[in-house]
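Reading through the structure tokens given below for one structure.
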Amino acid sequence: MMLDFSDLAVVDVHCHPYTRKDRLSADEWVDEVSFGGGSAEYLKAGGIAVDDAALETLQRVKRDTLYFRYMLRRLAEYFQVDATVAAVVEARNRAIADQGYAAYARSLHQAGRIETLIVDDGHPLPPVNLERFRAETGVEIVPIFRIEVLIQQLLDEDSGWAKFQRAYDEGIALALSEGGYKGLKSIIAYRTGLDIDPGSRSSDQGMIALEKIRRARGRGGDAIKNLRDHLFCRAIERCIDFDVPLQVHTGMGDWEVHLAACRPALLMELLRYPAYRACKVLLVHTGYPYQAEAGYIANVLPNIWCDLSEGLPFAGNAGKRIIAEVLEMAPPSRVCYGSDTYGTPEPFYTSALLGKQALAQALQDLIDDRFMTEAEARDIAKMIFSENARELYGI
Amino acid sequence: MMLDFSDLAVVDVHCHPYTRKDRLSADEWVDEVSFGGGSAEYLKAGGIAVDDAALETLQRVKRDTLYFRYMLRRLAEYFQVDATVAAVVEARNRAIADQGYAAYARSLHQAGRIETLIVDDGHPLPPVNLERFRAETGVEIVPIFRIEVLIQQLLDEDSGWAKFQRAYDEGIALALSEGGYKGLKSIIAYRTGLDIDPGSRSSDQGMIALEKIRRARGRGGDAIKNLRDHLFCRAIERCIDFDVPLQVHTGMGDWEVHLAACRPALLMELLRYPAYRACKVLLVHTGYPYQAEAGYIANVLPNIWCDLSEGLPFAGNAGKRIIAEVLEMAPPSRVCYGSDTYGTPEPFYTSALLGKQALAQALQDLIDDRFMTEAEARDIAKMIFSENARELYGI
Amino acid sequence: MMLDFSDLAVVDVHCHPYTRKDRLSADEWVDEVSFGGGSAEYLKAGGIAVDDAALETLQRVKRDTLYFRYMLRRLAEYFQVDATVAAVVEARNRAIADQGYAAYARSLHQAGRIETLIVDDGHPLPPVNLERFRAETGVEIVPIFRIEVLIQQLLDEDSGWAKFQRAYDEGIALALSEGGYKGLKSIIAYRTGLDIDPGSRSSDQGMIALEKIRRARGRGGDAIKNLRDHLFCRAIERCIDFDVPLQVHTGMGDWEVHLAACRPALLMELLRYPAYRACKVLLVHTGYPYQAEAGYIANVLPNIWCDLSEGLPFAGNAGKRIIAEVLEMAPPSRVCYGSDTYGTPEPFYTSALLGKQALAQALQDLIDDRFMTEAEARDIAKMIFSENARELYGI
């Protein structure tokens, strides 16, 4: 008899808000909810003709992944229709038309027992109106603030360092004190990589780097990396001041991430640097496919958490493996469920299903291998699905 | 009841031709079909005495791996003899003597349902005569052209860049237009590593690098890397011109490969570079043991395929794990069976057996975990064993 | 019916001596036997207040890992008490009071069938008296010599290169010839990383590097790395002279290790360098979580062994996975059980239990997947638990 966690409440520690889409064609829906597989824009930029055959291939490949197959199958069960894209999309369009968008979204969230979404509203841009998102989904929304959105705004202005620095600090402080944001998020992994020099704290480094960027006419060398490293360290210090967690992207992303620069191991020197030890850091995506590195860091350093999102659900059958490898070393009290889903309500629901299935399998193995009792397994499942995130974010 | 794919036709997307060896001693056969474990030449170059004890240890260790144990056991079943090296070698020698070499090779290929071999004839050197190989094995032979063989020939000549460049382009064009080659292959991972600078396209880079190599008397610095990076980019462009795929070695090789320079993740920046997006790239060996990186790249970039060879069969029990991890993100339509076998017909057969067993196990787990139906699993198996490679190579 | 290796004798190829601790409080015992989770000192250095709440969190997290849960549960069975820290600590304190320390330690070692400990006495420092340790544990003690302890002593003196070099060579020679040490050990991974330049053999490199360190006043650049690389190469040559193995730390360590600098793959270029091929090298911790890299190296290079310690037991449920991944390529005759345990007798016992459980599971899978017979599995288990280490160390 398998463990069954379907009744457990879910806090999704990392995901993105979305705007309502009442009616989608089959292809539009696939583009909205699938992961990877390229796009017409990607092909065009590579000088590849985007004809009907190319568009058909894009659709075929997107529908081909294990992630998509699982999602489609679970939604077919939910709507009690055939497991085809056409039938599922028709069913969700009809349900929205019949019930209204908010009722539809709520029923999916409730079916997954999703109570709280901790959302990074730095994607999509321009930001989704969170009041409306909250009203439509009927779940608690806890926003976190992506520093790279602010950094880009400041880079786009023609300010000097004094102004840049003040605007950066004030922007963060405002977000955390009055903006309702409960923590910060960084995607520096996408920009200049995770090999951040811990000694980048000095404001001089920021000043010199910005000076080079403003004057460089393309010859700034490492200036942009030095600036981002400095601003990252500065963000950690703000998190310590405000006693809020920092989410850091690690591991997989989309096609723009340079995977080799995103290993969690690259962060280790920074995370243990004395000046940053007081900051609670959540390793977003637990560094998939380098999840064992993230688990290791969460073991040997005391203020590190692992977020299971993106690998779970987008890496399909990886869910059980990710959980098992993270738990090899990470204390269960340092692991949080997340989905990184976006776009429409459907993947939020199927991700929760997959997460519960994967955790049940991983913990069942641990019971069988005499690491814990069934009661301990259930306690751990509660911690991972909601309690750890609630404690970390004080919600 | 397990899935059974023993009836499925096999296209081996990456392997090597071989010359006939009618009669081998037990030790010779072990040297021919085993993987790793060192050699007398390796020890001698390290100043190690190669006495009888050393030779005995070499043999013992080669016979010790899981790969070898599996192969021996399956061949013993095939020949209906004891699972000892002596009995199996005696049986294969006798079978060749009785049936003739060609009939023997054909019967093994037919037993594995192997229909087509896509062969890199850059190993062994001098190249095997493919006409004779085709006649002896009775399977379809599709050759691919290893650019490093041509590069070495051109380096050995005393030409300047104008001649080098012309001979390189013409050599590739001739191979693809008249030589019967259906694509290119690169082992740059073995030479200067996969961190290829995508901006190496300019012919100037090739000229400057060759100039340094010709004059350097050992002080060329990065010249050889710059030259190889340039020639690699040039090869991609030829693949786009001729609309043929490029096979790129990633991950494990033999003792000469520097594993740290062979991670598929290192290739990502190059593969998404706009100028190269139209090239179909097969990540050979799917980067074992970094197969999850290869699967990830095959998900987020639209023109990337994964070849399962070498890890399967030489990493023994890894087969199921490699497939499961690749399929975490790679669309099944982007995954091809390959063996990287060489030397004699026997490993081609046992590799196909192991591949079918491993894929059956991996897909059974996916059925059990509700990712697909049994019918979908069988469709995927057909794609991986033959259809994807046939579509990719137009055969 | 599962394989059962509980009767097999154990040689622990990598662990640490300890001093007797007759009576421990629950918290003290947890600090002694747990792994990771930070410490009051770590927090203080980061400016974090170490109040009661912080201390309670440290304890809670340390008790939370799978490693700790497994150990506690097995000890509760051993003592026939409840699986709580209080009950287990009370039971071990009482047993020591009743039986005496030596009898207690011996009974635990005997329960695990632990016959021999190959100990690195470079941790803890000052070194544990091995005569007393031998008397108290009743097992055979085989010490190995950690070169970094000697290097630190020599760095602390104000000697020039001539004296440094002589003292280094003589210190090693004395340890191996008269000190009873059966091999060397290096933790260069912790210091300057495993990307050791194989060309560091020249004594000139040592001299120039030491000169810079002595004069640098903080501006020595790569001098310390160059010195350590040189001394590492020198240690390999001593191992060849004395025909003893070298243990090299790879992969996981504690919070001080920079994981990114510890991948076994980084060592590959050095290990195959002709001058070092005659040295038998044991990859300590088999590079967890990069164990597949270690297994690969042990396959393609003939004088490399893998030690399973630290991942097993400290990575909890990883044991089975580590073994399975190492055996993908490493010949079973090149794999040794180790624990890396320390502190008190209890973890030595539970690590042996976990190792036997994990190996039984891993080998059962290999039988089921037709890689070997049950008899072969048992032979391999004997090799891994004792025979390989006995052969390697000549004990």
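Letters are used for the chains, namely A, B and C, taken in the order the chains are written, and counting of residues starts over at 1 for each.
In this section, a residue touches a chain if its C-beta (ideal position, glycine included) is under 8 Å from a C-beta of that chain, and two chains touch if they have at least 3 such contacts.
No experiment lies behind these values; they were computed from the predicted model shown.
In terms of inter-chain touching, the protein chains here all touch one another pairwise. At the interface between chain A and chain B, under half of the residue numbers involved are used by both copies, so each side presents largely different positions.
Centre-to-centre separation of chain A and chain B, using mean CA positions: 36 Å.
Touching two or more other chains at once is no residue of chain B.
The touching residues of chain B, when paired with chain A in their complex, are 263, 265-266, 268-269, 272, 274-278, 292-293, 296-297, 299-303, 324-325, 327-334, 365-366, 369-372, 376. Looking at the complex, you find that chain C touches chain A at residues 35-38, 42-43, 45-48, 57-58, 60-61, 64-67, 69-70, 73-74, 252, 254-256, 258-260, 288-289, 311, 314-318, 320-321, 357, 361.
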